[in-house]
Amino acid sequence: MIKIKVSLLDDLYKKIAETYPLYLPVEVAGEVNYGKYNSDSKVRLDVLKTVKSPKDAFFPQSENLVKFKVDGQKIEVIDVREEAKPFVVMGVRACDYKAFDVLDRVFLVDPLDTYYQTKREAGIVITAACGRPDETCFCTVFGIDPTDPKGDVTTWLVDGYLYWRANTAKGEELTKAVSSLAEETDGKAVDKQKEEVKKILKKLPNADIKPEVFDENMLDLFHDKKWQKLSEACLGCGTCTFVCPTCQCFDIKEFITNDGVNRFRCWDSCMYKDFTKTAGGQPRPTQMQRFRQRFMHKLVYYPKNNGGLYSCVGCGRCVKKCPQHLNIVKVIKAFGGDDNE
Amino acid sequence: MQKIEELMYKRASEMLESGEVDRVIAWKKGETCYDVSPATFTKDNLEGFVYDAFCGANLSKYLVEESKKGGKILVFLKPCDTYSFNQLLSEHRIKRENVYVIGIECQGKIDANKLQKKGIDGILSVEEKGDKLTVKTLYGDKEIAFEEALSVKCETCKSKEFAVSDETIVLNEMRDNREKRFEAVERLEKMTEEERYAFWQAELSKCIRCNACRNVCPACTCTHCVFDNDKSGIAGKANADSFEEKLFHIIRSYHVAGRCTDCGECSRVCPQNIPLHLINRKYIKDMNEFYGEYQAGAAVTALNPIVDFTKEDVEAATVVGGKK
Amino acid sequence: MQRIGVFICHCGSNIAATVDVERVTEALAKEPGVVYAVNYQYMCSENGQQLIKNAIAEHRLTGIVVCSCSPRMHEATFRKTAEAAGLNAYMVEIANIREQCSWIHKDIEEATEKAIVLARTAVAKILLDKPLTAGETGVTKRALVIGGGIAGIQAALDIADAGYEVDIVEKRPTIGGRMAQLDKTFPTLDCSACILTPKMVDCAQSDKINIFSYSEVEEVKGFVGNFDVKIRKKARHVDETKCTGCGVCMASCPSKKGLNEFNMNLNNRPAIYIPFAQAIPNVAIIDPEQCLKLKSDKCGLCQRKCGVGAIDYKQEDSFVERKYGAIVVATGFRPIKLDNFNEFGYADNKDVVTSLELERLMNAAGPTKGTLLRPSDGKHPKVITFIQCVGSRDVSGCGKPYCSKICCMYTAKHAMLIREKYPDTEVHVFYIDIRTPGKNYDEFYRRAVEQYGVDYIKGMVGKVYNENGKLMVQGSDLLDNKQIVIPSDLVVLATAIEPDPSVRDIATKLTISIDTNDFLTEAHAKLRPVESPTAGVFLAGVCQGPKDVPETVSQASACASKVIGLLAKDKLKGNPCVSHVDENMCTGCSQCEQVCPYGAITYIDKEFRIGGGKTETRRVASVNPAVCQGCGACTVTCPSGAMDLYGFSSAQILKEVEAICKR
Amino acid sequence: MQEITTTHKPLIVAFCCNWCSYAGADLAGSSRLSYPAEVKIIRVPCSCRVNPIFVLKAFQRGADGVILCGCHPGDCHYSTGNYHTRRRMALMFSMLNYFGIEKERTRIEWVSAAEGAKFSQVMNDFAKTINELGENRRLEDLRCKK
């Protein structure tokens, strides 16, 4: 393990950015989201939760798939896929890192999503351990240890230093590139922080919820009367979906440019009333049905298809961001997954 | 505030009990202090009924669907919400005869997000003590002035009057910060074009097109929004280019111009805290300056300035100064 | 899939000299959707049109784009060409490559490129064109005239003369209007009654004209050619069909305190009365405010005296519903109230009168039987002062900002008549300006000054006050630059006129607009001055703006000719480029209704399927294509985009924008 | 980033109402009063048919300036259409400027059917202004640029 002085972080970013495009939490207009590093970037490694998760790095909110160049009555098809060059995503929290796992099981199985695959393979992930969990956090519910995330490199921000541990060959290579800024360390400070954080984790108000209640009979859950009440305030916006690190639905759209057509995909939300709308209409015409779909997918359908892996990682973004404060915690608790009762 | 909640609870249960109303639309307690949700309550179930400083949501939009369902509804509206209600009435979106409105006192609502911006994280509970808030957190107790935690929409509260109500529950004099209403817009107006461009470019670059601003807006009640309609030519689901966000927010605010009551819900719900109300408020300020003071929702019968005109209206060139 | 033909016109050398038509043809032939492109010397010529027709048949074209002169020139021509070849007339778009291209650009390269863009834009538009058919509606061959003054009478007579039925709705008990109250008319000084009453009688006797007196328009529905109007016949408590107008009831009535409206309230009349001797219909009416029987059930004398049993105390308002093809609004005017003009002492001095009151004081049928006596003591006034522009051209806000137009002339008339009949009377006129344009008008005014010695004083009056029984008129004489006071016996105020207040209600019912002064707005101030913006509704007389009798009659006749032109048609063909609503998207918010200048939009409650076997009733807009003129105001107002315009749809305009911006 | 090698050729979209301004443009044409070819006219029945969306779309697709022409207030063929236009566009243009879009890029002019000379002069003047401002960058959509 090595450590780098916080005062040298700017040099660190620059160093990495010399070789790789670097994506990390940056503040723009008061909010922290993942963004591409440049010398003007206001990097905020200290911030626990970016508004949007880092899934954009592999599965961008909108992404061109193919271009059609139109000249008179001639149409030329242009593949826009480029050979992916390695890039670095830095500051990924344990929950968000786990979310990549969830996404992989969607995009990297048959039919293989080459757009995702190329980026996933080219991406070098530097995770960041959590030093100050928030009341909305509940990753531990899903067996995630926020104090020691995986990834190509793991980092901890402790007492004026960024502690750095390479986990993979890719990580080792990156470590070499930045070693001039680092000093060796035994990592005791990291262990101390881990202990402290673990104490806090026990106190988290949502740490005891039990998603296992959703392992019960699927049809019973589906037809449960509680959904109506739970969803009644839902506005049908896409906030929960778009801040969620595991949501993977997208729509394919076309944009007419001045010389042809761009076919692109963009995130879609199962909360939208035009989600999967076809000529025959909407399969889920009411907001209750759409609301139910989202949580049934996260807690029932996905785990059933993926060996019990929930497609929720407990990042708590929806808890924080839902305009009317409806969220997965309330849903789990409503179905009895509340240990306090 | 607790006293108010008691009185509201009492009226709600009385009216449900007597059969005067069939349902009550109010706020429901959440898991933590701030995650209060709008909810409907019925005779047998008033559990979780709450009214405190976190009940910021404007309930009037829910009546569009609820008032169609039949039966009588009791709704609690804060002064600013009553304007939305009135505006919806004038657009024939709510069946007035099905709704009983109780106007309730509001001293401004607080925003948990703002606490976090002030460095208060890990919030467990919030307690009001005079004009101070005591916040219990995972990392110890913190104190903050109530004023500093005020939700953006309440910083410049436009009214302490109820535009409509069947009865009111008000115990204390309410605050009214309307003189500050246009300050932020004015600050932007004073900037150079370049600065304003940079400001909005940065703000809107955060937009994730989640449509929360649209879906919460009491003026956005279209059956089928142009932004969801592929035939409209402007349908878009993604922030595919920085132009998209400008188009979305300019047109969205234009579509509610003259109908927007300045309830501030758009800014409250924005997950990226984009000051969307400053767009709507610019239209309001312009309309006031160009065509005379107008407050949407103040009266049901009023003609909204964007469908109205006078022969002597100012020219665009005069007010915008586009001609060199 | 559309098959578009593009036809590029050389217009001799008008286009071909600056635009390389061959290149345009080549470029357009490659456009998606285009299956044929050709250029020709003169597309609008017989041969050119034949070329288009042949191409439509040969290439099975679904639409044509003609690149030629302005659509304002030959769009109609090419629509006919297309129609003759079996295409829908609206599957035609014109690219204006002459006026907006070849004629204004010199550089061939530049002009050719622009011509290609313009043609491509027209192709983009036509690809979204749909065949349109103009709707047809029948025409009810009957007209309604609202208001029975000289404007309404003239319009009715002219329409009836052409053989169409006309109904006059008059809110007062008799037709005749303001003109019936006048004594003499300028500039010829003939007796008003002598020229008006024959026309009134003509109305009564015409088998085409039906008079609803003491009636009001209650409700108007429908549109041009097909108005459904509900008329309220107010209870007059006298059976019109029985009353002979003998007048016995009037003599017997014990309640004689009613104010005589016809005489501007200068004297009294009984509770049962006929407004004036030549009233049409010549039928009595009971004033319920004055009638003892109706008020307290204590009389019933008239019923007993009436030889034909016409009196019916129990009569109630009744309604008539009729269909009309056209409506003429002729609601007339009234003098303004003088509450804001205390300085002239009108309220406090009986001898300060308005000009219309003076008309009655000078009229042989008036309260003084035609002898000019002052109201206060019945003596002959020796000094009479006229004050002009009372409430007219007043920008202070107390009166009206406009010129009432008739006052200069009638004041000259009054002054002249008084000097003629009573040469020993001194007559002064305070004026701001004298405005007497019109045939023989200025000559008329000069006669007053030069021949009749009327003392015209340029200046405004500051105050009229009573001093020892004399009315002291204090004003300025601007020509002599001094303040003067004229002790007078009678003061006459040339009071401004305003539209009759009933016009507001009528305007709302007919969805026609009124201006800030409550005058009705014409469809075009210069070119369509007798039409309202609502098709089938026409304007006559002062309701549209101040005017005198000859002007009113002219406008009424103009209205009548418009109405006759309309009623002569068996079918009305609409403009198919009208608004239409997508009911699935409409929220019924009412904004479109508020911007529609024609009242073409109404709302209906309609049931919709919402899935799951359920339905819901929603309020949605409904456009009447016969009324809509296709401006498109509603399409922009509609936030959900439910409103669109045939021929200029939003999608089409967006495609045009796209095509123009391609480079 | 693509380098711009050629000088930018400006583009102006002009919406003209059928009854006054389009006829004014025709008159300018028949009087041979020239104006730059970058001005391209779209015919609409009335200026009130112009949706603010059209204006934004024009900018998105690469227009450098947008001008609306209608009958003089009071002369609208549809009696009140241009009054609505005046309000809508005053508010819209003010909003665009609030977003930092150069105020000179949008304009409304009232041009009657008799004002061919005015039409040409207005277009010359507007084109000059737009040429000086250069390429529209603040309201561009990069997808529409080559």
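Read from first to last, the chains carry the letters A, B, C and D; within each, the first residue is number 1.
Just so it is clear, a contact is a pair of C-beta atoms (placed from the backbone, for glycine too) under 8 Å apart; a residue touches a chain by one contact, two chains touch by 3 or more.
In this text the structure is predicted, and so the values were computed from the model without any measurement.
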{"item": "Contact-richer chain pair [A-C vs B-D]", "value": "B-D"}
{"item": "Between subunit C and subunit A, distance of the C-alpha-averaged centres to the nearest whole Å", "value": "68"}
{"item": "Cα-centroid distance, subunit B relative to subunit D, in whole angstrom", "value": "36"}
{"item": "Separation of subunit B from subunit C, taking each centre as the mean of its C-alpha atoms, in whole Å", "value": "45"}
{"item": "Subunit A and subunit B: spacing of chain centres that average the CA atoms, whole Å", "value": "30"}
{"item": "Residues of subunit A engaged with two or more neighbouring chains", "value": "255, 258-259"}
{"item": "Multi-chain contact residues (two or more partners), subunit D", "value": "52-53, 57, 61-62, 74, 80, 84, 88, 143-144"}
{"item": "Residue list for subunit C, restricted to those that touch at least two other chains", "value": "595, 637, 650, 654, 658, 661-663"}
{"item": "Pairwise touch network: line, ring, star, complete, or other", "value": "complete"}
{"item": "In the complex with subunit D, residue positions of subunit A that touch it", "value": "255, 257-259, 262"}
{"item": "Subunit B residues within the subunit D interface of the complex", "value": "188-189, 193-201, 226, 232-234, 240-244, 246-247, 250-251, 253-254, 257, 279, 282-283, 286-287, 290-291, 305-311, 313-317, 319-324"}
{"item": "Complex contacts: residues of subunit B adjacent to subunit A", "value": "30-32, 34-40, 57, 62, 113, 117, 121-124, 137-139, 202-203, 205-206, 208-212, 214-216, 228, 236-240, 268-269, 271-274"}
{"item": "Parts of subunit D lying in touch with subunit B, wherever the complex brings them together", "value": "52-53, 56-57, 60, 73-74, 80, 83-84, 86-108, 129, 138-143"}
{"item": "Residues of subunit A that touch subunit B when the two form their complex", "value": "28-31, 33, 48, 51-52, 61-62, 132-135, 200, 203-206, 229, 232-233, 235-239, 241-243, 251, 253, 255, 264, 266-269, 272-274, 319-327, 329-330, 333"}
